[in-house]
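Below you'll find a set of structures to go through.
Two complexes come next, and they have one chain in common, chain A, joined by chain B in the first and chain C in the second.
What follows is the complex of A and B.
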């Protein structure tokens, strides 16, 4: 079935080429039709590969004599390419409507044609079985996503976000490139290696550079800074794909690396685990505080990256200490959560895009009351919120449950020192889960419930049908993959890893029906609609509602050591003795820890180095002749000395 | 699935629904006695529910489907949670294997719905209540997870019925881990059910309100459903503690006489625990909101200590 991917890739590329000849709404439709075919083929091929219990398929060909490409699919690849297929379908339903409402003709065409290319590159990254092919497609993915972020280049902020993203993504490529060189030195072949020990120096270097590259791409803290800039700046279908799929391609690579390339080792496991916990906790804490709806979702992606990294780290740690079964459970949890995250984050970004389009703002404090005005979008967003808050029986819960089970079972079976570590991980994991719920109660409650806070929110209208259909596909996938999670796992050959959530859902529905019937038949049915009680106030306004910052204020106070604030004053005085204040301003802002202590120092260092070097370039030809002369002299001396 | 577990599950569910309001009233009576008041009659909880069920529901102008669906969903979720926690009879197989993490997240689900409900009507009190509730849940969750992990650790299983079965095989008074665990579980009951050092269920003052704040715009049958779910939640948390600390009387083979006896025993044990909760509630003052995390740290400490002591012994 792997042959199906070849037409899929051609369909994607054809979709990318269409806007070059045709422009306007019609081309977007053709484009998404082709994309839809490609997505369907991808789903078909992945599903059939997923159901095959053993082995994998591969095909090899050469693009040029020097560039051998081996594409392969096994079940790990299939899980992620299935997600890619579903996301493709959702985006191709959603994006024609979205793109048609954007400004700027050329950039709309560009967006339409770049999305399929971006999708192809991600698919090929997943399918690659040689390091050089992987690197090649990885770079196409990076560049195409850079242009996708840059689409609305007229905006200063977007340009800044895009170039920051470019710098980070290139740094990631450099790290992976170094890792690939190390792998080549270890195994002597461009094929994906196996069984490299990280106890030797080259193996360790290979692991660290590959992990670093992946961590940057997946947005692990402290390499996450590009994510909250790039995702809000990009168009919504793009942020859905970047968050739902591109982060996952990086995590997929990490899974492949720890299950295939490297022999599991406790040190590497602890490194991954450490970054995982750090990323999960800090990511969700930043998300809680965020007022920009898409920014909040971006930070929440960082949090989910952390959760998945935690799962992968646990896999490595347990496998290295000989608890194979628990390790498998953790890895299953990580992969399941990665796929789930793709589904619900795609859903949330698409619906957030609809909100943005309907109201023209992404600031939570300027929204409110949208559920009445946009019931479909609101309902779909609600499903996403339930899934991401890991509420049973949706898919977000199934993944986290697997990781929880791995943690607690691991706790029962490991040695004392490890237990202390696991208790810490467990409590951090619980904290992450609870804060995610805080974050999404805020996101849903303040955006969609109560009264609209601004005229823009009051005048919002529901988006067209196809823009609801895209998210609807994802929400159905979220619900079904959650309810049937245990069945899915047992079809894939992992029975008994999850409790039966199908039974739980049947019971939930039964209990709901029972409650409703009992109350309906026994209790009073009278209902009255009235104004919200406001302690005697006649006409409550939206000013009485809680704001986003008010809502999260207690969390910020409880975790004050992490949310460090900076207070800046400026005063003007009436008199020379500085006694009477004429006017003054005070600002309280959250400190951006990593930006101030990690990114800016490096940036300043490079800047000062650059300005020192630039003094050499004074534009005077005589000086350059002098440099050449000096270089020749040095060369002659060195050559003479060597000879 | 054979017939008996279904029947026993229904019996369990009915029993919990029936007795839950009683425990709420017992706590109220104890508190009243401590303050030299007479207190409500024993069946006041049932009268209140009956009264509320007969009244009309008032919805806010702005209320969305959350206000309409959340009361039913909340009770339904807790009814499923009841099936995971055997109160008087340990079945061979519980739905979702009686997994304790599933139980935890079912509780989280009701909290989630309640917090959204608080925001739905657009009143300041509701927003305040849900903001506080969610913030507290953020700090209590790590503790709860570790307490539950400690329970799983001691019993060697994630399944709640298996934990109870394990508890029947040991003499709890002699096991330091069980005693330590009970302290954390007791704190959890106080927190999860919004009792005095954390929240004051009696008042409608904006300084103290958490749980009540969220329910301020709810009325009639919806309020009754929430009151009932709150009572059920308290009974469930109490059952966790009772069946681990004093598992005497819980039966493993289903028989009519056995069920009735176990039910009576549980009623007595539950009443005793409610009296204890009432006493604790009347001997403490409501904590300042930002002091509450300290209480959780205590529970966290005890449960971590449980795991450590189990490792050492």
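What follows is the complex of A and C.
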């Protein structure tokens, strides 16, 4: 079935080439059509590979004898490539309408052209079976995504976001590169290695380099800063792909590394677990405070990266301590949640893009009342919200339930010290789940319910059919993969890990129907006309509604030590004795902890180093000759010394 | 036939003269003297090539001596002198990083450093043939003194002479340690002549400093801001 991926790649590349010749809506349509074919082929190939219980297929070719390129498919790859295929279909339905409404001429064609290239690079990263091929496709993924973020370069914020992203993604590539070198030194081959022990120094270095590279790319805290900048700056289909697929590509590599490259070791497991918990809790806390809808989704992606990392960390810890079955359950949870996250985050980003397109703003405080104006988009967004809040029977619930089960089962069977650790993880995991629900109640409630707070929100209209079709594909996938999660795992050879959610769904629907019937039959038939969300007031306005800041204020107060707000104020006095205040300003802002204490000091250090280097590079020919002279003298001395 | 002992003494004298000429190149401010010193230095190299050619009975060295005489002793100095007659500047008074006295001191330290380092690097040559070892040390030192001339002088004409002096150092090193093929020597000579010709044309009379190149080119609209933007 791997052969089917080859035409898929060609279709993707052909879709990337079309906007070079054609321009305008025609180009977007043809491009999307080809992309759709590629997506369908990817789904077909992935599904058939996923259903094969044992073995994996490989295809190998070599650009140069030194750097072999081997592509392969097994069930882990297939799970992620299936997600890529579904996201491709969703994005190709959604993109033509979205791109046609964007500003900018040629940059829209460029966007259209770069998306298939980005998708190809991600697919090839998933299929890679040699480290050098992986690194090559990983870099193409990084560069193409950088240009995708930079598309609307006229805006200064976009430029800043893109260059921040470039710096971080290149740092990630450097770490991966160092890891690849270490892997080569360990195994002596560019093929994916197996059985490297991290108890030796080269093995430990390889693990740390690869983990760091992946953590940066996946947005693990404290390497997450590029995400909240890049996602809001990028176009919505791009954000959907970056958040839904690119982060998962990085996490896929981590799964492959811990299940194949390295022998499970408790130290590496604890490292992953620590970063996982930190990322999950802080990610969702930052998301709760965020007012930008896409920024909120970006922080939520960080939170989900943390959840997946926690699952992977638990797998390593349990496997290293001899609880293989519980480890498998945690890993299944991590992979299932990764795929689910791709689906519902893609859905949420696409619908958020529709909201942005319809209202011209992403600020939650400037929205409201959109459900009656954009019922389809609101409904689809609601499905995403239910899924991400891990409500049964949707797919977000199934993944998290597996991780919870692994935690609780592990708690029963572990030693006392490990039990303490697992209790901490469990409580943090619970906190994350609760805050996620708070966060998305805010996102949905303040965006779609109540009254519109601005004229832009008031005048919003539903987006065209195809822009609803894309998210609809993902929402159907979210619902089906949730309801049939138990059956899916059974088909894949893991029966009994999850309760039957199909039965639960039938019961839920039955209960809903009964409740509705009861209310319908018992309710009064009198018609009462009142103002929505009136709360007993005579004439409520949108100014009286809960704002995003107000909604999250209690949470912010509880976690004040983590949010670290800064209050600044200034006053002007009427008199010289400072008794009567004439005017004043007060400002409460959230301190950007990691930016101020981690990134900026490093940036300042690099800046001062850069200034010193730029003084050396002064454009004077005599100075350069002086450097050459110095170099020759040093060379002579070194030569004499070594002789 | 000259006796080998006599040849060796003559070679040592020539090497000392080469060092003196290099020191003069670093300190002389008069442009005419500078060109004359360069021609003299090249002439000494011709003599060295002939003397080594006589000792080793090597006709290639004689050919090298011939082309050095034609190009470096006669051709290049003659060409620079013609240009010099057209320009008004007679003295080179602009220095950067080092004044002539300082440059001389640095050169002396440099010779000592090269001597110490090379005594370890060319250990065999140092014990077997002190003359050839000395030749190699002075060759490398001459090359580096040429480099000093390039970055301490500001006028284009003196910089070019610095380059030419560097090449003399390479030739000297080649004569004593690694004999370069004749064709290489010939190509280097051709390169040098072209270098002088081109520099002359570009600096429009060699009366300007390197920084003035750009301004002059801008005057001719060869490198204007508009074109760069276009």
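Definition applied: the second predicted complex is superposed on the first by the 614 of 643 C-alpha atoms of A that agree within 3 Å, B and C clash if a C-alpha of one lies under 4 Å from a C-alpha of the other, contacts with A are read in each partner's own complex, and residues count from 1 in each chain.
One rule holds for everything that comes next: a residue touches a chain if its C-beta (ideal position, glycine included) is under 8 Å from a C-beta of that chain, and two chains touch if they have at least 3 such contacts.
Bear in mind that the values here come from a model prediction, so they are computed numbers and not experimental data.
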item	value
Three-chain arrangement built on chain A, chain B and chain C clash or fit	fit
Touched partner set for A:167, first chain B, second chain C, both or neither	neither
Which superposed partner A:626 touches (first chain B, second chain C, both, neither)	second
Larger contact residue set on chain A - chain B or chain C	B
Touching partner for A:435 - first (chain B), second (chain C), both, neither	first
Chain B versus chain C as contact partner of A:465, first or second or both or neither	neither
First (chain B), second (chain C), both or neither touched by A:552	first
Touched partner set for A:637, first chain B, second chain C, both or neither	second
Least Cα gap, in Å, left between chain B and chain C after the two complexes are fitted on chain A	57
Parts of chain B lying in touch with chain A, wherever the complex brings them together	53-62, 64-66, 72-73, 75-77, 79-80, 83, 95-97, 99, 101-102, 105-106, 108-109, 111-112, 115-116, 119-124, 126-128, 130-132, 134-146, 149, 152-153, 156, 158, 216-217, 220-221, 224-225, 289-290, 293, 300, 304, 307, 311
Chain A - residues contacting chain C, complex	620-623, 625-626, 628-629, 632-633, 636-637, 639-641, 643
Chain A - residues contacting chain B, complex	368-369, 371-372, 378, 386, 389-392, 397, 401, 404-405, 407-409, 411-412, 416, 419, 423, 426-431, 433-435, 437-438, 441-442, 444-446, 448-451, 499-501, 503-504, 507-508, 511-512, 514-516, 519, 522-524, 526-534, 540, 542, 544-546, 550-555, 557-558
Contact set on chain C toward chain A in their complex	96-97, 110, 113-114, 116-121, 123, 140, 144, 147-148, 150-152, 154, 210-211
